[in-house]
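Two complexes follow with subunit A in common, the first pairing it with subunit B and the second with subunit C.
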Partner chain A sequence: MILDLHAHTDASDDSRAPIEGYLKWLRKKRDLVPIDGIVLTEHRQWNPDVDYRDLEDRYEIVILRGAEVETDYGHILLYGVNDEMTARFDFSDVHLDAQTVVSEVEKLGGIAAPCHPGRPTIGLCEHYEHKAPLEGVLAVEALNGGSRRGENERVGQLMGAFGYKGFGGSDAHLVSLIGICATEFERDIRDVDDLVRELREGSYRAVDFREQVRAARG
Partner chain B sequence: MADPLADIDRALLGQVFEQSISKPVTAEQMIRYAQACGETDPRYLEDGPDLVANPTFAVTLRREKFVPEGVPRDLIYRGMDAGKDVEIGVHVRPGDVLTGVSTLHDIYEKTGRSGKLTFLVLRLVVENQRGEMVAVIDQKMMFR
Partner chain C sequence: MTSQRDEPASIADLDFGDDLRPLRLTLEPEQIAEYVHSANQVAPRFLSDEGGQQDGLPGQIAPGNLSLAIFSRLLEQAAPGAQVQKISATFRAFVRPAVAMIASGVVTDVEDRDGGKLFECDLMLETEIGDRLVTGTGTVFVAL
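Let's look at the complex of A and B:
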């Protein structure tokens, strides 16, 4: 099963992509981006009232939700967000303590995974150059669709050095970029609990569809 | 670098700092705006009973103040235009009188590749003479 673990809709301040735009695009482009679901990770927020079940049924695409928060070690994706987490952390705070986020999110039933680690300023690699490594990180975003040349390449070294698992996400902010990088899981994922369990314990790998999307554009 | 917006009193958020009222909108104004936008749709270009303004027409509403009292006036020269979000309401038709109400809507931070960014959002809500919402325009300014 293939999921794009990192995407932003127009609920994020820097995206103009409506959720339904993503779903229509994925239905139309299934031969190019054969993904089964997406995880929406809006910037610095969590809206408990959003319900995408109707859209999931209509488009037959799994829609899960997480969040992307900002910390002193860069940006971190949170999966398995719940009320306790939103009570514990102010998601809009751009100065969250990364170690606390990683440790507490795990205790509260989720997983915190640094994204685009190879990116300047907001990626883990740069912070590890002058700060102690975080404890308890299990996985990082090995492949990010929004990264520039060289940024994804830095992550392999990081994973090797610290034994992190790697997943992929498009980091789409525009409809036509959804699914260009994603994660192939060995087992099926039907809900957020499955996702957290598989990210912690399961088998998965980052998959890259950028080349075939580029080739199709000509 | 120090946050250029740190000294702005957050109590200003949501407070109305200007209300401006237009003269009745004319067909000529609407057509000239549509032409300037490169419109080809006759709904926006041909005078007559079906004429309506291009949906973004509300951004032309003139205002005297760009920022509220308490926000340094030179601030706008130190920031960068980070775009507008425009929520479009009912059509504007000839004879409509538009009222615009401006508020300091939000101040927030984020971090990007190049470091910390601070955003200031100015909201202009435009209504017609019947109190119908014509547009909600969020103008963002970005500061590094």
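Let's look at the complex of A and C:
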């Protein structure tokens, strides 16, 4: 099963993509981006009232939600967000303490995974050059669809050095970029609990569809 | 601006998921300077490498408005005479002179409207080696 673990709808301030735009695109482009589901990770926010079940049924695409928060070690994706987590952390705070986020999110039933680690300033690699490594990180975003040349390549060294698992996400902010990088899981994922369990304990790998999309566009 | 484009094709012939005809271009330093004078947007960082470096930048850069103008030209090329209703953009990296770039777009929604069609497009300005500089969207109404 293939999920794009990192995407932003127009609920995020820098995205232009409506959720239904993503779903129409994936339905139309399934031969190029064979994605079974997406995880929406809006910047610095969590809206408890959003319900995408109708859209899931209509488009037959799994839609899960997480969040992307900002910390002193760069940006971190949160999966398994719940009321306790949102009570514990102010997601809009751009200076969250990364170690606290990683440790507490795990205790509260989720998983915190640094994204685009190879990116300057907001990626984990640069912070590890002059700060102690975080404890309790299990996985990082090994493949980010928005990364510039060299950024994803740095992550391989990080994973090797610290034994992190790697997953992939498009980091889409435009409709046509959804699913270009994603994660292939060995087991099926139907809800956020499945996702957290598989990210913690399961078998998965980052998958890259950018080249075939590029080739199709000529 | 040196640019290369194929013969115009009507956007009305395009459908959801189709690509707009790309625009290949390279901005010359003098053209950026000329643009900012015309746009009454004169600032040292838009005029020369020295001016940009004084602002802590790698050198001369193009103003955001010029990137929007490139998107506008891309849409106009795809839909000559159509009404460009809206362009939005996110500036991800500096647009600099003497860099070969490609402006591209793809149709992400088509709606029938009174007297025509409304097209939503994703837009992208990137270097020839694939570094994204500016991303955005455009809305175009084509009377039929």
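Going forward, the second predicted complex is superposed on the first by the 218 of 218 C-alpha atoms of A that agree within 3 Å, B and C clash if a C-alpha of one lies under 4 Å from a C-alpha of the other, contacts with A are read in each partner's own complex, and residues count from 1 in each chain.
Here, contacts are C-beta pairs under 8 Å (C-beta built on N, C-alpha and C of every residue); 3 or more make two chains touch, one makes a residue touch a chain.
The shown structure was predicted, so the numbers you read here are calculated from the model rather than taken from an experiment.
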**Prompt:** Given the touch rule stated above, what does A:L138 touch, subunit B (first), subunit C (second), both, or neither?
**Reply:** neither
**Message:** Contact-wise, after the overlay, does A:R217 reach subunit B, subunit C, both or neither (first, second, both, neither)?
**Reply:** second
**Prompt:** What is the contact status of A:M1 with respect to subunit B (first) and subunit C (second): first, second, both, or neither?
**Reply:** neither
**Prompt:** With the two structures laid over each other on chain A, which partner does A:S92 touch: subunit B (first), subunit C (second), both, or neither?
**Reply:** first
**Message:** Let me test your reading of the model: by the given contact rule, A:R119 touches which partner, first (subunit B), second (subunit C), both or neither?
**Reply:** first
**Request:** Determine, for the superposed model, which of the two partners subunit B and subunit C contacts more residues of subunit A.
**Result:** C
**Message:** With both complexes superposed on chain A, which partner does A:V175 reach: first (subunit B), second (subunit C), both or neither?
**Reply:** second
**Fill in**
Both partners, subunit B and subunit C, contact subunit A at residues none
**Asked** For the complex, which residues does subunit A have touching subunit C?
**Response** 14, 16, 21, 24-25, 28-29, 146, 148-149, 173-177, 217-218
**Prompt:** Hey, which residues of subunit A end up touching subunit B in the complex?
**Reply:** 13, 43-44, 70, 74-75, 92, 94, 119-122
**Prompt:** If you look only at subunit C, which of its residues touch subunit A in the complex?
**Reply:** 16-17, 19, 88, 90, 93, 104, 106, 108-109, 120, 122, 124, 129-132, 135-137
**Complete:** Seen from subunit B, its contact residues with subunit A in the complex are 108-116, 119, 140
